[in-house]
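Lettered A, B, C and D in written order, each chain numbered from 1.
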Amino acid sequence: MGPRYLMYGDISTKAAHMLSLPKVSDFFTRLIQRVSPKSYQQAFGEVYVTQKFLENFCGDQVRFLARSFAVPGNHLGQQSHGFRWPYGPVAIITPFNFPLEIPVLQLMGALYMGNKPVLKVDSKVSIVMEQMLRLLHTCGLPVEDVDFINSDGKTMNKLLLEMILDHEVVLNLQANPRMTLFTGSSRVAEKLALDLRGRVKLEDAGFDWKILGPDVHQEDYTAWVCDQDAYACSGQKCSAQSLLFMHENWSKTSLLSKLKDLAERRKLTDLTIGPVLTVTTDSMLEHVNKLLEIPGSKLLFGGRPLEDHSIPSIYGAIKPTAVYVPLEEIMKDNNFELVTRNIRTLSVVLDALERMHNHLTAAVVSNDPLFVQEVIGKTVNGTTYAGLRARTTGAPQNHWFGPAGDPRGAGIGTPEAIKLVWSCHREVIYDFGPVSKNWEIPPST
Amino acid sequence: MGPRYLMYGDISTKAAHMLSLPKVSDFFTRLIQRVSPKSYQQAFGEVYVTQKFLENFCGDQVRFLARSFAVPGNHLGQQSHGFRWPYGPVAIITPFNFPLEIPVLQLMGALYMGNKPVLKVDSKVSIVMEQMLRLLHTCGLPVEDVDFINSDGKTMNKLLLEMILDHEVVLNLQANPRMTLFTGSSRVAEKLALDLRGRVKLEDAGFDWKILGPDVHQEDYTAWVCDQDAYACSGQKCSAQSLLFMHENWSKTSLLSKLKDLAERRKLTDLTIGPVLTVTTDSMLEHVNKLLEIPGSKLLFGGRPLEDHSIPSIYGAIKPTAVYVPLEEIMKDNNFELVTRNIRTLSVVLDALERMHNHLTAAVVSNDPLFVQEVIGKTVNGTTYAGLRARTTGAPQNHWFGPAGDPRGAGIGTPEAIKLVWSCHREVIYDFGPVSKNWEIPPST
Amino acid sequence: MGPRYLMYGDISTKAAHMLSLPKVSDFFTRLIQRVSPKSYQQAFGEVYVTQKFLENFCGDQVRFLARSFAVPGNHLGQQSHGFRWPYGPVAIITPFNFPLEIPVLQLMGALYMGNKPVLKVDSKVSIVMEQMLRLLHTCGLPVEDVDFINSDGKTMNKLLLEMILDHEVVLNLQANPRMTLFTGSSRVAEKLALDLRGRVKLEDAGFDWKILGPDVHQEDYTAWVCDQDAYACSGQKCSAQSLLFMHENWSKTSLLSKLKDLAERRKLTDLTIGPVLTVTTDSMLEHVNKLLEIPGSKLLFGGRPLEDHSIPSIYGAIKPTAVYVPLEEIMKDNNFELVTRNIRTLSVVLDALERMHNHLTAAVVSNDPLFVQEVIGKTVNGTTYAGLRARTTGAPQNHWFGPAGDPRGAGIGTPEAIKLVWSCHREVIYDFGPVSKNWEIPPST
Amino acid sequence: MGPRYLMYGDISTKAAHMLSLPKVSDFFTRLIQRVSPKSYQQAFGEVYVTQKFLENFCGDQVRFLARSFAVPGNHLGQQSHGFRWPYGPVAIITPFNFPLEIPVLQLMGALYMGNKPVLKVDSKVSIVMEQMLRLLHTCGLPVEDVDFINSDGKTMNKLLLEMILDHEVVLNLQANPRMTLFTGSSRVAEKLALDLRGRVKLEDAGFDWKILGPDVHQEDYTAWVCDQDAYACSGQKCSAQSLLFMHENWSKTSLLSKLKDLAERRKLTDLTIGPVLTVTTDSMLEHVNKLLEIPGSKLLFGGRPLEDHSIPSIYGAIKPTAVYVPLEEIMKDNNFELVTRNIRTLSVVLDALERMHNHLTAAVVSNDPLFVQEVIGKTVNGTTYAGLRARTTGAPQNHWFGPAGDPRGAGIGTPEAIKLVWSCHREVIYDFGPVSKNWEIPPST
């Protein structure tokens, strides 16, 4: 495997350099914008994170991922080695909201660890990855190392099942994926887990919360982070802030009015607000109205369709919207499910916090160590940000991003994520002897 | 969690000391023999490995399992932390063949990482663990930390499903297991994976092979290891050697006759051979006969029922048996499935090697580094032993034991196994600031 | 080395169990009290930490210290391995203030990593270690594994030099220590570093400071920790708090009067205050008086000799003492050296903080993350405690204890400390081939 | 420190890319050849290793070097963190034989970990590093981050001492180096260790051996590796093979005649042989003659001055030379010192092996695991190569290179080397509480 690790170090070096060239990064940024509605800055963010990720695996860093460990055995000549071993054939299925970053990071992770991946990207946006694969081929990626499939989800599901079923009958078929990485909706994730009998790693959509703690600092900064977390990419990041719990100390501040001002400066022309690809306008407005039926709830801002646009009606198009719901109401069972229905362009502002379950990301905005400690200790959440600069979105390549609390949960991007998702433990015990010269056959046991 | 980690360090220290007392280890050894047919030495082996495992987690070693890492962030005051986080409620299901070692190692692993386990041991042998739990309670284990269920497999399956289904409806029910560890047959493992939609870690039965390489050393030693690997515990270890590939250089030696002599000195009186709990005598002899129908195959030894015994007919009772099958025959598709049917008291001796797929353990008996390298590099196998002292059974607590090549695969016993099976990654990014005094609200993105 | 690692796991298991027996721990506690003036609780603390340390290296944990890592090479068959390798012959020199804990932790660390140590403990207290070695021998320590020398410091120094000089002439002499661990005064440490040309690891005495930050919490608790840090063991711990910087917010509290009350309840009868073994009463009182000559300074409490005692005049015997010195005065060059003269039973209370250099331990008593971050970021200090429960003394076996900022600095007790102090990196590159069949001799370079 | 880590990731990315450009790498290759006599390939090797090293620390890999770990404490809110902390001001002194690779790898390592280095390169070759610093400045290295000194060794020694002495008097002087890395001759290394009282890390010259084991493989390949190890760079690498032990099985082969042929094809015109900068021709020939006075020794080849050259007489110029000395003679005390005098262009061929002490590199040419295991287990050697492709020279950036067995020993190039050489352990225990509400002041201890 030695030369293969070095080849991938070289591919990463070259591809990272290509993405650092302004004309290349501009090309991919604009290509992303063509298929996934987000601002230039947000689209460029994907390209930048992808470049930085590739820089992380230049030179020898791919082979360093394959670092193993060894422990002395029970006698001279015995030593046990723990390796991270590739699965062999694997599959990768990625969504529409990050057309470049998610597939590149997962694909390269799979390749770095020695797997043979088949890749399927949401067909609405797969042109981005198609172009990126050409760039990677130019940088030295052998064409036979990656199979790239363009299909709808159903076809892919059928294909995976056939490969798996084949696996039962024809043991030698190389193509059956021993592991499938899926990033996307929880519904499809659960179906895949069933179909593939758990041979999956999943990063499904979150319903992500933020808590503003009792210590009030930096109003402007906090409002700005809330606006970005909730409304950037029209709230279609899997890490978008969907629920904001606010300590009563914050209600004395002008945070909400600042948040309203920030949300209202978003506009279609620069795609700081844009179409929602998976829910219609009517469906979102209906959800807002249902929330407003909860006693004590009120519309903070938004709640109306976008105007003067040519967005097709199969997509959603509403203004950045926030609904206030009293905490005591949200805790009632029937409301809880309603409030936590994952329609991402809505943000619900509450007074306090409770009933938090496994979600993808979370934020605890507080510099009080005891408050932070309590919230983190009592939740089993994925990537969690804490401190006065806490956010829910904008995860870079330098820290793990992914859910927690589920053995099927996947991470993305860091050396730890790559090793855990794209390899398994294999133990080899070398036991070369010698056998003592006085050794005699002992009794059977 | 600090004090909890220390408590488990203390429990382990005390329990390890108890098991080191001759009267306690003798009690458990004999109790194991009562329910699981194996020699005193083999049963004592379980107690000893359990003691050594507990010694490994004395003092601060439980809290050292919870070691996290941190990496500097993008600005002053930001730091990302990677934790191994408990799942919360988990389930453990373990088989009949290791009534003490497997449940203790997995149970304590689950507890060390902070989980709340429910434990079910095969009801034929669960008395061993019932006694061990009393010992652990005496050593300080809080009674509320472990739920111990005595039931048949069907009831357990139903229970797990109900808990999972409840999970969908009643979000607050604490008891739904977020992860289930199963050790046992592949058939049940696959069903559980389906029922629990992949929220499992599996260590299923292997069909384990051994290869004798071209360099012949230490005939006596090799014959003795083969006999122990194939016939100890009547071949009912999940790591038992089922298939022996032999380089032609070995055919010039007296290895096979030595192996025959060793197999034939096994006797019922000391349980060096005994009943097979999961297959009948007729079923096993029928399998032998089918193998003997393959052209060129021959009976090396055994192939007859045990005599003078009172083993009930629902169990199996045959002499240690080996059948030779020519390599060119075994490679034919219809024979391949037949030869690899996992009836463990049979051993099939072959001329060479090929068509090896993921199995639990394997052995490459050779001191030739290039031969060893080639075999290991071309297989995706679980725990693999290499070198002239290579074996397939007898895994201790000091190295990882488990399958490879499957994302659902579980390990047992070592710090790495405990961390990978009984915890998940959770990333917390502390971002306490400060925010620069010159900070101004930037444009929306 | 395999069996040797297992033997040390067993020795640790047995010795830890022995120290857990009340009659054994009481014996060592009282023996420590006989030679090193400290309260029963403080002496018992040593025995307890030693027991817990030994528990940490039961079972396989000694061999786990020898864990190595491996990385794939440039071609098939090449792999580089990084080992922690023993030095071989080493020396250990330990002081009077911890007659059991320091020598056992360092000695066992040296043995665990595979070294052959010669041990010298301060002759005033070496009876404790002499008894402990007998206990270790009973637990299986081979008598030839440790050389125990009783001598004064000069003789030991001469011995080490002769061994080193011999090393230059007679290369085969096994006894020359390749590394010497010294715990004790800075003066002797520097002399040893010179004599042994840097083949040393040093843990020298600190002049340890504590800062009370701007956020006032838990007055009683803070006063109690200050009293313990400054006056337990009569201030003769190398981690004793010598300098207390106090934010002005604390001056409005009754902290100082509480500290006075706590200091004054200490008494000779239970050795909560006792003799100082290295400085006389006159010398300490003279130092107090010099401090009181600084403009604005004042005696807070103490400053008088102990009464009604039979402590020989070669030792020091004064009451717990604290002197206040204004911050602006302490910053003047001539005063700075005076204030930081390391006479440990004196505590100097100041208004604020600055001019902090490398010291052994430190404490930042604050729950304000930004304050804590700033103080830690601007200091290069050894073991540092931060938070409202911060202390300077009482380091246990579960975290690293030692200085920072010096390549000769030693740590004690944890797996990391043992590996860094008692072993060096050795890289072995296995390169078994094969050489390609097409290989031809290339041109010279 | 966050932004600083990112800046160094960027500098490395840019500098690695610059060195990958043919005109830049050619410039540095030829510049190296101007001052350090070696072939184009050997000089290019330095540039290439430097490029690959820089690639290893692109993106986030500098901050990943600062990865810390944390362990739960004794109670809620307590956690101990182990950091790798910079020393602060440090010094780097490097030799003539690798004018680019050694200073860049050590300098960048020092900077990556957060230190403030002063760099001195041997003045005969410092022009290479002067040019490289300009390249680094262009890539973003702040000019104030590195002090570059051009001086002879004596001046540097005086400077270091003055800085250290100043340190004693003026505590606030930032410039005193807390650690000095020295690569060069053992004599100067020992003097520096004395002068700086051990605040050093040393990589001194080796007298490196190779053993050909009992299993004979690949004659041509082995002869070629021996020729390269002994005579490339005219034997002036610190890793050059100086002593070759040969199992008698090899004496039946044509290895020695092949080695002679390879040595004799080296020529001045392409610098595959060239001047020795530190020893004169006469001095080397005198050493050869003394060896030839040993009974039974004989000249294998070489042993004469180079002809037709303009190498100044202050340098050495002899043909590649090998002298055979019988093993029984070399073991006599007076001969041992003679044979092991480190004159690198001489190679001594022997029959077997013994009396091996700490040296920098070594090679065990054998594919017999038991032979390899025995040789490695009985030596305390630095970087050691084992297997049929074993060599002593040509260490790349992907594995540790450095001596073993000395606490002052330095490594170069890998993440482990950088962390161990350029940082120290600092432990910070966060202990934020809470203090229990029922807490009461306990008795003094």
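Basically, a residue touches a chain if its C-beta (ideal position, glycine included) is under 8 Å from a C-beta of that chain, and two chains touch if they have at least 3 such contacts.
In this text the structure is predicted, and so the values were computed from the model without any measurement.
Common partners of subunit A and subunit D, by the touch rule above, are B, C. C-beta contact counts were set side by side for C-D and B-D; C-D has more.
Averaged C-alpha coordinates put the centre of subunit C at 33 Å from the centre of subunit D. Subunit B and subunit D have CA centres that are 46 Å apart. Touching of two or more other chains is recorded for residues 1, 60, 63-64, 71, 73-74, 76-78, 367, 369-370, 387, 398, 430, 432-433 of subunit B. The touching residues of subunit A, counted against subunit B in their complex, run 1, 39, 41-42, 45, 71, 73-74, 77-78, 80, 82, 85-88, 171-172, 178-179, 190, 193-194, 196-201, 217-218, 220-221, 224, 227-228, 231-232, 262, 265-266, 272, 355, 357, 367, 372, 376-377, 380-391, 396, 398-402, 404-409, 411, 414, 416-417, 420, 424-433, 435, 439, 441-442, 444-445. Every residue of subunit B that touches subunit D in the complex is listed here, in rising order: 1-3, 5-6, 60, 63-64, 66-76, 78, 81, 367-370, 387. Residues 9, 13, 16-17, 20, 52-56, 58-61, 63-64, 76-77, 369-370, 373, 377, 397-398, 415, 430, 432-434 of subunit A are the ones that touch subunit D when the two sit in their complex.
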